[in-house]
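Each chain carries a letter (A, B, C, D, E, F, G and H) given by its place in the written order, and its residues are counted from 1.
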């Protein structure tokens, strides 16, 4: 397992329980930093997205999500986040 | 009053009582040989066309008449008819 | 009071505009066309809008839209055109909108359609059936009052005679009562967190609850219908019913022929009475029953195969036999001239009832 | 006999095709959609045509066209869609065409529309109301027989339960009787001097007489309706009516709940009976009256605000009070699940009638 | 020669005495009625005749079913010697669809007016066209509801006189006309679309050719075919019968232009 | 960072702790309901949001009346913070006409589906356009009746999967699609006509521009405006949610092409 | 009290105009009026009838009546059913130029007017109906000559206003030819 | 004689499939059957119920019944109204892996089956409903195991035929776990 530092310009807040697990955000996210949970389900019984470091704050997930799940933030200064791979 | 001889190639049979006096045939007849009665009315109360010599048998009156009033004949040989003017 | 000679169609149009109607939509069909033409002339002068809708479906839709804004609105047609409007007429009722609807009918075959509602589901329209032009003027005004009071469509059931008979009538404008239109749309409640909704599926926004609850909404509409049915005063015209051995029931224009026949029989000493429901819904069942209280037989004349007779039987409930003396009567044009509408013919039919 | 587990919608479709139906047109609306889907699957295999019409107006028009060729045809919808079809339904009757029409209704609010005809004018449809899938299969077959016999549309009045209940049924094809289609169009009578006409305005060409004579035509249609009304055998199901102090009347699926409640009360010794009209038009008035002959009170359950109760009152004609124990009952979806349809609820309501 | 109102005129109450040949029997043989009730100068009977002549000439008389809408032309539905199915106002294309699907061997055409087809029944004709239904629809377009007294329809051209627009239709108040033939030509599913007129003998002949071509298209199974025919309605236009042909040319035909708009048979060739 | 299913992920249950700015409040503020009932991956909510954002941004919230048809989108008619008039299936344009004529100051738009507008209500929208009615109609086009289970509509493109056409629509059996926007663009009376889609973020943004332009056209009183929005319906297309955006592009948008079809404001300029 | 007047003629004779003029005049004199016209199809020369009821109170008679107090017969063709409705003591004005059938003199007072001839004299055959109307007014007093004269302009559409004068002249001519108050419509107490 | 069976669970558990398999099997054994399923909206995890009535004659019970002889409970959430309908002498099969609520043992014989666990063992959690169905058949004899096994393929749409084997295996496993004829559905004279 190695550590990686990822430059991250933005982040999202996810209303997990509103998600219906359609995966549209996953495919749409340009840096591919959204992935679906594989076991965990929300209150409605759906998998939902989780965010890895590297979000650019591009808003595309918020634009495409049919369930209005996302709020998008831009960090005032880009930050670096550490991941174990 | 003078006599005139008019070359006449065709003639029409008019179902006078079917006529509704619309005058369409009058305007349409190329040689202008159809005219409306001015006093006489048919059984329905309409003026109707009368034929002066000079019909060419062109069928236009039959084509335009909304009341299917005309039958058109062509003389096998053109004839001359006499009119007093 | 200023009397003018107006054909029924014109008088009805004048009465509508006088009652505050400011939106009308219709599609031509004899004898409704005549009303439409007068509305097209009158409404723009009165600051209203008359739409020559492209079909009856569109006419009722336009009227629905205008009604939703609280604008006093009306539409109508001739029976057949109303058939096309039934889906909307049913649902406008569920949307709880005021709307006056004219049926300038051909004969009287649309009684069931009018009083039972030809559409789907449980709804009722108030139905008013004038017998002459002057009464039509009064009832049209009353229709606007009722429709706003109950937020329920009101149908005025006319016919060819009504449209085409010219009469000296007074169509002076009357003061309309206060009309509560707080429910109506104009856009202004948007963004307040409680924007209005006018819908046949629900009466208010269910914030944060997805979708409609039809069970609740239909139950509340049903309650409103019940209240309305109980609240609208039934109206009849009755004459010579005291001690009448036979009472004849008729509505609309035929009522006038029946009345004339009854008068003529009474003049000859025949103990016959006459009652004419003016409100067809709510049906004046008690008044009809009262009028028939002394009768050993009841006769119903309708210019159809027998429709109102159900309501008469439901009123009399077996206390006297109810005979049908009507029947469809039309001239060959089908527009609504009824050869049977003849005082002598009616006298004879009534006499037959006595003979039974 | 071969039993299959079929949902009502599928069984009805199979029964139609088995009865010879070769043309169907419809527009989706729950729970009619289900029937349409099955017809779309079955008809092509049977050499017939199923049209996914672009709207209900077009569906009824297509069915009209096919019916005019003598092809056994059907269409339908759910109440609301039938509202849109009312103009055509009225006039198809005047054109004297056979046509089977399904109303896969939501609840029972369309009783008036079905039995009085929601359209204009004087016309009637034969109305059959099955209470379960097996009965539906039988009545659908019977509907085709009746519609050709009387050249009059026949309406089959179903509901959500009927569409969605799966049952073991036998849908073996039955031999249809001879059907006279000499009136039907196929083009071949053209140029003979007496080409056929199928029209709501007249039944035959009036050679050399311009235009239609509506008075004559409507009179002959009215005569046909009268004959049909007298000729169609009214059908009821009745149980425990002998000596019953209270008789409960219900139609369609609710009839089965009422029957269960009545049986359960009888098991407890309560003298209650049950009668279910199967033909809603002609209404089995005499049979209902007979079933109620001993009753000191009659109760009517309908899943609506009270419509068939008029016909029950017209049958009983005051000989016993007629109480309404129904009411609109729907779940929030509005599709037709009725919370009140519960044997315990119905038992309690019937017991209340005894207590009055 | 004979005398008539003091003038010397040709007798027209009997066939000529001199040797002569009947040009053609102009009594339309599939129209039963001698005297119909349409107004003087109406264009609709002329169009009806053209359609029925085409039926006769194409030899489909014994498999023809005509489906009629509701308008003044309805007067003919009762008086033709071909089978007729009378539809309601606006609904003929759906009935025609039902007929054709149930009896594919039948030759099926509708006769409708502009009020019937472009007002009440616009949706039905468009859907029928898009479905590529193998029927022919004929629209008699006079820009008015003739039957109810001459009101504006959805095809009334800007400037046209109607009962609602005695000063002429204007777009501001009354909206714009729909050019149905053009719309239908733009739809996949239509095979032949044309617009004719009956305001003069030349156009009558042209219209008959169009109707014939549309019918042939159906016979060849190419899909939906459509002929619009501009017809005079002096009554609804509130003008003299003699002015009507020119009024048609100057107003209706200036917008609803005469011609063949689509012919897939030719496009293929 | 936080742990999730054994992975190191960014916490998304709360606003970031580091200094950051909300890009925009993406909770559509005129949509009341948090959790609607439409299917996973449905495109309709995305289109709804675009329309309501446009209403808010144009400052017409307090004079807006939205008129809704019947389809899956009807779920929203009950949950918006603008006034709503719920119409029947197909009838919204006529209701919108009545509203606009009665209250000319109101800002009026309809929301309808392809089933609602091109099947049941085709006639109404065409007449409304021809009338030049100063309202905006928005059509959510997924080529199916989503609500009733995914059947073919009059816009379903050749080859498209629907419940009736699991092998794909074919013209022979099922007729041809109607390209409504193109048809409306061809009508005098329409001022602005465009077709967008919501299958990717770019198209979502484009669609919102189109809706904004249509609304501006109404505000300027130019007449009828129309925006068609192609939306995903994975349920009715019987495909996975993730396949739907591309399916839309390859099928629906290949026929119903995205773009501005008419803009009289630009034509004038 | 109600007074019925039936008019009959054939299309184009001006029956409906005459009815309208009489109705308008009666209203101007404070009467209640009801008028129902019917046309037998749209062919020229077809039946055209009108029923007028004038009353000093609200009119109660139906649109078409079973019996009538008076009639104006402009043409024979459709007259018989009209004449059959006349009550004893009734009065009828007949256009002798086109009518030959005579009503029963025992029940009905007949006023004969050569209306076409008189109208021709005035220069417009189409004004014959006004001649008969004038004669009717003279003989019955149902409405006054002045009220009728006023009523003409109100009853004609704008594009026919140029015919007002000739119509008024015809009215007066008709009034002059007929005997005064042959059958008085109103008893003294309800005179206008 | 009629035997009622109520099934309850949440969306996705296979309640409707189980109902269909049982109904199909009963028909194959010559019974009359009626089955009505209801779904509580279209959300995942929503209510899903089914009512089956099996009879040796034509079924007369309404689509939903007021009392029932048996039940299969796949999930607790919507079980209470179902359990309340059980008559004395009834029998209920419960998925103990997700259900805790216990029916009244005085009225009802309870068969507890760890259906999820057993299904997991077979390799498909989604087959749990078949495990319960097998157990129900064992305990009641309403339908035979063989008829059920046959019914599975007939009840699955074509695109799900590949799951036939695992479902049949689950059915047999359930049948094995439960006691035989705990409450016999049919008296001897109506046995299939």
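General remarks:
Just so it is clear, a contact is a pair of C-beta atoms (placed from the backbone, for glycine too) under 8 Å apart; a residue touches a chain by one contact, two chains touch by 3 or more.
Quick caveat: nothing in here was measured; it's all calculated off a predicted structure.
Path length between subunit D and subunit H in the chain contact graph, taken as the least number of steps between touching chains: 1.
A count of contacting C-beta pairs for D-F and for B-E identifies B-E as the more extensively joined pair. Each chain gets a centre from the mean of its Cα atoms; for subunit B and subunit C, those two points are 56 Å apart.
With centres taken as mean Cα positions, subunit H sits 44 Å from subunit F.
Distance from the subunit B centre to the subunit F centre is 65 Å, each centre being the mean of its Cα atoms. Subunit A and subunit F have centres, each the mean of its CA atoms, that are 26 Å apart.
Multi-chain contact residues of subunit H (touching two or more other chains): 41, 43. The multi-chain contact residues of subunit A, meaning those touching 2 or more other chains, are 44, 46.
Multi-chain contact residues of subunit F, defined as those touching 2 or more other chains: 34-37, 39, 88, 122-123, 127, 154.
On the subunit C side of its complex with subunit E, the touching residues are 27-30, 33, 37, 40, 52, 54-56, 80. The touching residues of subunit E, when paired with subunit D in their complex, are 30, 32-37, 55-56, 60-65, 67, 74-75, 77-88, 91, 93-103, 105-107, 123-124, 127. Subunit A contributes residues 8, 10-18, 20-24, 26-28, 37-40, 44, 46, 49-53, 55, 57, 59-60, 62-68, 70-77, 79, 81-84 to its touches with subunit F in the complex. By the touch rule above, subunit D contacts subunit E in their complex via residues 22-23, 25, 49, 51, 53-55, 57-69, 71, 73, 87-88, 91, 95, 185-193, 195-202, 205-212. In the complex of the two chains, the subunit H residues touching subunit D come out as 20, 23-24, 26-27, 31-38, 41, 58-67.
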